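In the two complexes below, chain A is the common chain; its partner is chain B in one and chain C in the other.
Let's look at the complex of A and B:
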């Protein structure tokens, strides 16, 4: 554990910038919206900014990415295939613990199973992660219900905790430790461990009064979702409100589904594009022969919440798929963000 | 920051978004949280706009047809070719030249195209596709209230106690407005849907009245009658603010309860309950479609009169709200894209207005209103046609268009219309230039330039100015802001609008937040109605009434969505299931026909027939059938025979017989 003065915390980012593209929470001057983006100037990064509207998912899994270009030469009958994607090293600075948990879920999908996704691996392998403990929750937060905050426990290189006039800096990896040593940060003694615990406990207590938008005790519904004992009419109630926009998947830090298209750039050449996809779309589950096992919208919705809330899916992520950031509730044109769905299911259980 | 704020380009809602722009490429999109209308939401189309903006299916060079083939040319050559050919018909321009403008072009571009037609090529023949749709609605609004646009405000939806949704599949057509209505319902508003189909918003409503096709007018008229009979209309409001009450009240006398129940297919008690809710609430709004699937004039008139009676016009949380399906449909009418209109809904026949334009432009203008391109095509007099970035409805007239002497197409994306064009001029994508767009609630919003145009392609405003210059006119615009300055000077409802003012998120709404009953320049008037309550009748020979409507991913046979990936997949999902297109019928009809989902059938009308597959769904009532426009491969030929029917919008029905094949 180390300490760094608040006024000097950006030195970490500046040091990182020598080797990495540095991403962090930036408040757009014009629209006042916080976005997690590449900072051209480290001064743009605001550690006190509200939780970014866009999760850092796009740094490892871009919204729309060319992953390959190929060209067919009709004369020689040869195909020239070029893998093509951005593999510059990235540093994520000032990540909230929910969003780090999202990246960890993505890791377990893209790297942790039978097949390793080369494109994802390239984005991820050279990454440096600096997380930021939430001393105060935001009003849509419910990470305390999903075991993903308010402070990160694993997966970071450095974790920052605001102590007032200075930050406590915890190293979570050798890489993190090396950077802290390189910067010559002052060592913090064990008493700071307790101090941090107090801050985290206080933050958790503040959820009751501040994080009023959402309450989602996911553990209460895991059993029902896993066993499929939820009544059809509850799913219909949820499905009726789904406008099939795909937003919940797009803003979810842990949603990993993608679509692949080959977009022809000429008669003999094409780009292979990978884009975010969503289980709310009807075409998502349609099979080549035309059969669609999840044609009605309520079936597609139940699939999403099975992915986020079931035990079977948690076994793959080694945790629930929901990370408690509350973004799906923001962007939903219906009223079926995950916290509300948990409420609807609990209402049914209580009956 | 690589996310740049902008306005979604698809429907008339005008949602705010952030585009992930890096260099000259768009890598993604994200909703804008502080936007007054969309508040951080987007629909399936908006969430995939970057796919459209990344499509290789763009027009990248001017083209001239040589020996039957479109061949690459320079702008100089192509513009000279265009001007030379159009100039041939300048003398007879009133009959021989037509301009088909796009409701997707910015205000500045449409204004200049309108100026090009009128001031340079001497013709008032300029129009959009929606003369029978949005135009009709605007006429009713304008005559009754002086405001040619939506009377209410989208920002006030959550302040309405009662929301009437009439004949619009709003969660598909304008999903974010649908969302606002749903949110109002969640907060306690009473949402009443009157529709022929069981739509999503119908399922989310507290009351759903599934009426028979073509019966909207009589249903609205009956509710007005209930307000009068039960003396629960806002008599004070009507007396103070409105004219024409007596004539309107008299027109309702012929309505009988039995007739209404039979024609609408719902009970008069149900309609009475809605009327009483409308009268009893402090605030109420009505939403209906004003695009190509909009209502005919009479139906809009009854809706307006009903809300006038109830005193639900001109106050906060109230309003008669026609909803545009395309992003700048409202703005296009504001810019005078109509044979008889100048910008600001000023009539071409209004000499004082015409003189103002003539003086500013330094030309003398023709005071005789023009004709629409479609009317001209029917007369066989049209010689030259200019089409701008259009949806595909134009292809309905492919035969007539292929006979024309000269066809020019201008646009950003490849289009079937190019097959008939003698010259093609590319226009830069909307993100490659500044431009303003006016959404369905009269909100003028600035979309700023985010990328450089590809390979020197001209933005529309510059292209039109270059064409004008080639034709000998002197226009001086250094930037789109200069065009807006001229618009503001000549268009009363855009007076005072500048790019500086438009920098604010959400832009500026002309006419104020809503029509204000306390600041009316003149009294409101009840819309004139004919009092004809006939509804379309099926016969023994043609027992089923066929309706035409919208679908989510391909509304308006949209050329744009076909250039995307994910929405295209959704479209293809439908087409793969129903390769010949589909006609939706009720389970009862399916049983009678002895068909199941995806069985082929033949649809026979008094004028023609087509083959399609059936989609069996409880969304439609027995003896009603429904086809979505977007399956153009299927409907184009069939509807050639039904052009008049299509003009009647959502009330349009075609009596048909369906047979198993």
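Let's look at the complex of A and C:
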């Protein structure tokens, strides 16, 4: 454990910038929204900024990326295939623990199953992660319910905790330790461990008074969602509320579905593009010829919550698929963010 | 675990020959450019590959029987954008292949049993691969029956195979068309209605079913009524696929992914998935 003065915390980011592209929470001057973007000027990064509107998932899984470019010549019958994987070194500075948990979910899903996803592996190859403890929960989040915060426990290189006039810096990897040593940070004694615990406990207690409609006790519904013992009319109600915009998937730190399309760039060349996709779209399961096994919206809607809440899917992530950031509740125009769905299912159980 | 090295980037193959099967269906014989003698990768009957048509996109397609003996080929019906583009290609043109993916048919588990194939229309394409395998190892199985249904005689797939199978010893073929047509002297009626008429074996029997959803459901109903257990009805499922390696999730049915856990399932498994076929 180390200590760093608040005024000097940007030194860490500046040091990282020598080797990595540094991404961090930046408040947009016009909209006042926090975006997790590449910061060329470290001074733009605001560690005290609210949780980013869109999760930093795009740093490891961009919403639109070229994975391959090819050139085919119908005359000479020659095909050139050029894989295009992004393996630029990236540093994520000031990640919240829910978003880090999202990245961990993606790691386990893309890298830990039968096949390894090459594209994702290249994004993750050279990465430095600096997380930031939430001393006060934001009004829409519920990481307390999903065991993903308020402070990161694994997967980070450095973790920062706000102690008032200074930050407590914990190293979670050799890479992180080396950086802290290189910057010559002051060592923190064991009493700071206790101090951090108090901050985390206090933050958890604050959740109860700050949270309103976002107390999602996910563990209570895992059984029902896994076994499918939820009445059809509950899903129908949820389906009727859904306007199929796909926003919930796009702001979810652990949603991993993608689509692949070939887009022609000239008469003989094309790019293979990988984009985010959402299970709420009607075309998601529609096959050539028009047969669609998931036509009604409620059939599709239940799948997202199956992914986030069921035991079968949790086995892939080794934790619940929901990381408790609360963004789906925040953006959903149909009022069926995950906490609300959990509430609907619990209401049904109580009946 | 996997030795496949074309998971993300396709291998290039050349179209050697194109054969017209029935209306809108063609078979493409392929040679792999980068492999010795153009031989295909090792595949199991029942698996599938992702085929890239350059400039159009990629689609999932079921594989031919033992390509070590026959030449590697794909039989494709013209349905959407990419398959349309494939049908426009000529001999000598290039396509991309990723795979093979999927689990394949469980031949070891069904040794010694009677086998009934029920196919509707182009449902014969994936089943043919299993039929050919079984025909080559006939001594390992009991009675072998094929029930094939098509709308018209013109839509009967693989005529040259059917001719051979009709006369093959130990192989019973029943072909039916939906409506009577002048010049057709065979059976008429939907394929599921044939099952009860023909006195099929029920004990120690495995049924392979493949066809459009309507036909599939009718056949399953008949078979279970006759007493063939749900675990002995095997089918291969079709889904919208993008990656083939269990990542894009388009082929998810309940908790399984058709690309890695399937595409071959028993009806008992299909029933517990809790989704439409």
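As a working rule, the second predicted complex is superposed on the first by the 342 of 351 C-alpha atoms of A that agree within 3 Å, B and C clash if a C-alpha of one lies under 4 Å from a C-alpha of the other, contacts with A are read in each partner's own complex, and residues count from 1 in each chain.
Definition applied: a contact is a pair of C-beta atoms (placed from the backbone, for glycine too) under 8 Å apart; a residue touches a chain by one contact, two chains touch by 3 or more.
Only a predicted model underlies this, so the values are computations on that prediction, with no experimental measurement involved.
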Margin query: Quick check for you: in the superposed arrangement, does A:277 touch first (chain B), second (chain C), both or neither?
Written below: both
Next item on the list: Answer with first, second, both or neither: which of chain B and chain C does A:138 touch in the superposed model?
Entry: neither
Next item on the list: Name the contact category of A:333: first (chain B only), second (chain C only), both, or neither.
Entry: first
Check: What is the contact status of A:247 with respect to chain B (first) and chain C (second): first, second, both, or neither?
Finding: first
Next item on the list: Tell me which partner A:294 touches in the superposition: chain B (first), chain C (second), both or neither.
Entry: second
Note to self: Just to be sure I read the superposition right, which of the two partners does A:67 touch: chain B = first, chain C = second, or both, or neither?
What the structure shows: second
Next item on the list: Check the residue A:286 against both partner chains and state whether it touches chain B (first), chain C (second), both, or neither.
Entry: both
Check: Is A:38 contacted by the first partner chain B, the second partner chain C, both or neither?
Finding: first
Item checked: First, second, both or neither for A:257, with chain B first and chain C second -> second
Check: Residues on chain A in contact with chain B in one complex and with chain C in the other?
Finding: 259, 261, 264, 277, 286
Next item on the list: Over in the complex, which chain A residues touch chain B? Could you list them?
Entry: 26, 28, 30-33, 35, 37-38, 44, 53-54, 58, 62-65, 240-241, 243-247, 250, 259, 261, 263-265, 273, 275, 277, 281-283, 286, 290, 292, 330-335
Notebook entry, point to check: Across the complex, what residues on chain A touch chain C?
Noted result: 67-68, 70, 72, 74, 77, 79, 81, 83, 109-110, 113-119, 228, 256-262, 264, 268, 270, 277, 279, 284-289, 291, 293-294, 299, 303, 306, 310, 312-313
Item checked: Complex contacts: residues of chain B adjacent to chain A -> 1-3, 5, 16, 18, 20, 27-34, 40-44, 46-47, 50-51, 54-56, 171, 175-176, 178-179, 182-183, 186, 200, 203-204, 505, 552, 565-566, 569-570, 572-573, 576-577
Next item on the list: Give every residue of chain C touching chain A within the complex, in rising order.
Entry: 1-2, 7-10, 12, 14, 52, 54-59, 79-83, 92-94, 96, 213, 238-240, 242-243, 245-250, 252-255, 260, 274-277
